[in-house]
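Here it is, the structure in full.
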């Protein structure tokens, strides 16, 4: 994976909606730019509740995406 | 057991202190008279916490003892 | 003749085995409206006492009254919480250190009822059911337990 | 190099068996400072859904993050309550109706800490650990669960 790309993994209902568990995208500086791209590319996600984790930590609001970060799209949890 | 007698059963520490699990006493009309007798007969009980149950119900304060009742002397519970 | 639901036995001679707990859990797999189980287990501790260490607890009970009281508590908890199942087991006789002496088990559709009911059951059993534990000490002495 | 305690695995493939729960309980008999165990078990319900009935739940997780999160919760609960032991097991893959998918187990000297810690653990696991359950319906459909 090039340092100028960004790896996005998706789970549960989000993986179903975007029809893949993994995306490799051009680098994006923060979660707002990423969301803009996702909503454009997968309009269905606009009506779907999900969170973004960066390097396994929940990102709240606009959050910078470090180069080489692992970005995850997480629908509401339903363990237990 | 004659109708004019009263059966008293004792448990745990109380049975140990009065050195028996069962007493048959002359009929007594209420728990105050019974306590008076017990404190007289077994002075050790004056310094021991216990409750009285009449026909398997806890007796609170001065309580009448029905003829033929089962009277029990119960030290503090310690199940579990 | 009076007809009424009669008290279930709650007493087990000696310790409660982990296998009997597993069996009790497995028995609920056919109850497919259950979403959560809450279990409390009392275990005998090797407490330090004056003169030695606890090696076992010897349990006795006013059995008739204990079963009536357990039944009364059971009915009250069933009335208060939407439970599917409730089970209470208490040891009588000797239970050694590290062994289980109390097994309280509640089940419900959603977790909250099972969890709250289990906690309340444990508190009420300890407070209201006439059972006594005598701690046996390794110097051959003994101490009567008292619940806090 | 950073040294730190590393996350323990909490995941079990398929259902959690009553036998493994019994084994886990039995393993604590040597810990003679324990006076109370609190256990929560999640069981898969045969809920009615549009179009049919739930027959199983298929669990997936963001495993690396889930283990980190479970570890973080574990450390926080250990810091908050005087516990002797804490165990968390969660199923991955298919768990059929009536089977156990979550096993949370806390132990302490006195009952209160074990009971309170167990309840808090269950709440935090459901809310914070990235696990997803897909309810499989008997008409071959499916519904993503959402924790309340």
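Residue numbering begins at 1 within each chain, and the chains themselves are lettered A, B, C and D in the order written.
Heads up, the rule we're going with is that a residue touches a chain if its C-beta (ideal position, glycine included) is under 8 Å from a C-beta of that chain, and two chains touch if they have at least 3 such contacts.
Keep in mind that what you see is a predicted model, and the values were worked out from it rather than measured.
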Set of chains whose contacts include both chain C and chain B: none
Interchain centroid distance [CA atoms averaged], chain B/chain D, Å: 49
Gap in Å, rounded to a whole number, between the CA centres of chain D and chain C: 24
Interchain centroid distance [CA atoms averaged], chain A/chain D, Å: 26
Residues within chain C bordering two or more other chains: 42, 111, 122
Two or more partner chains touched - positions in chain A: 80
Contacting chain pairs - touch in the sense defined above: A-D, B-C, C-D
Footprint of chain B on chain C - complex, ascending: 42, 59-62, 64-65, 68-69, 90, 101-102, 122, 125-134, 144-147
Interfacial residue positions of chain D with respect to chain C in the complex: 18-19, 21-23, 25-26, 28-46, 97-100, 107, 109, 111, 115, 118-119, 122
Chain C-facing residues of chain B, complex: 9, 11-13, 53, 56, 72, 74-80
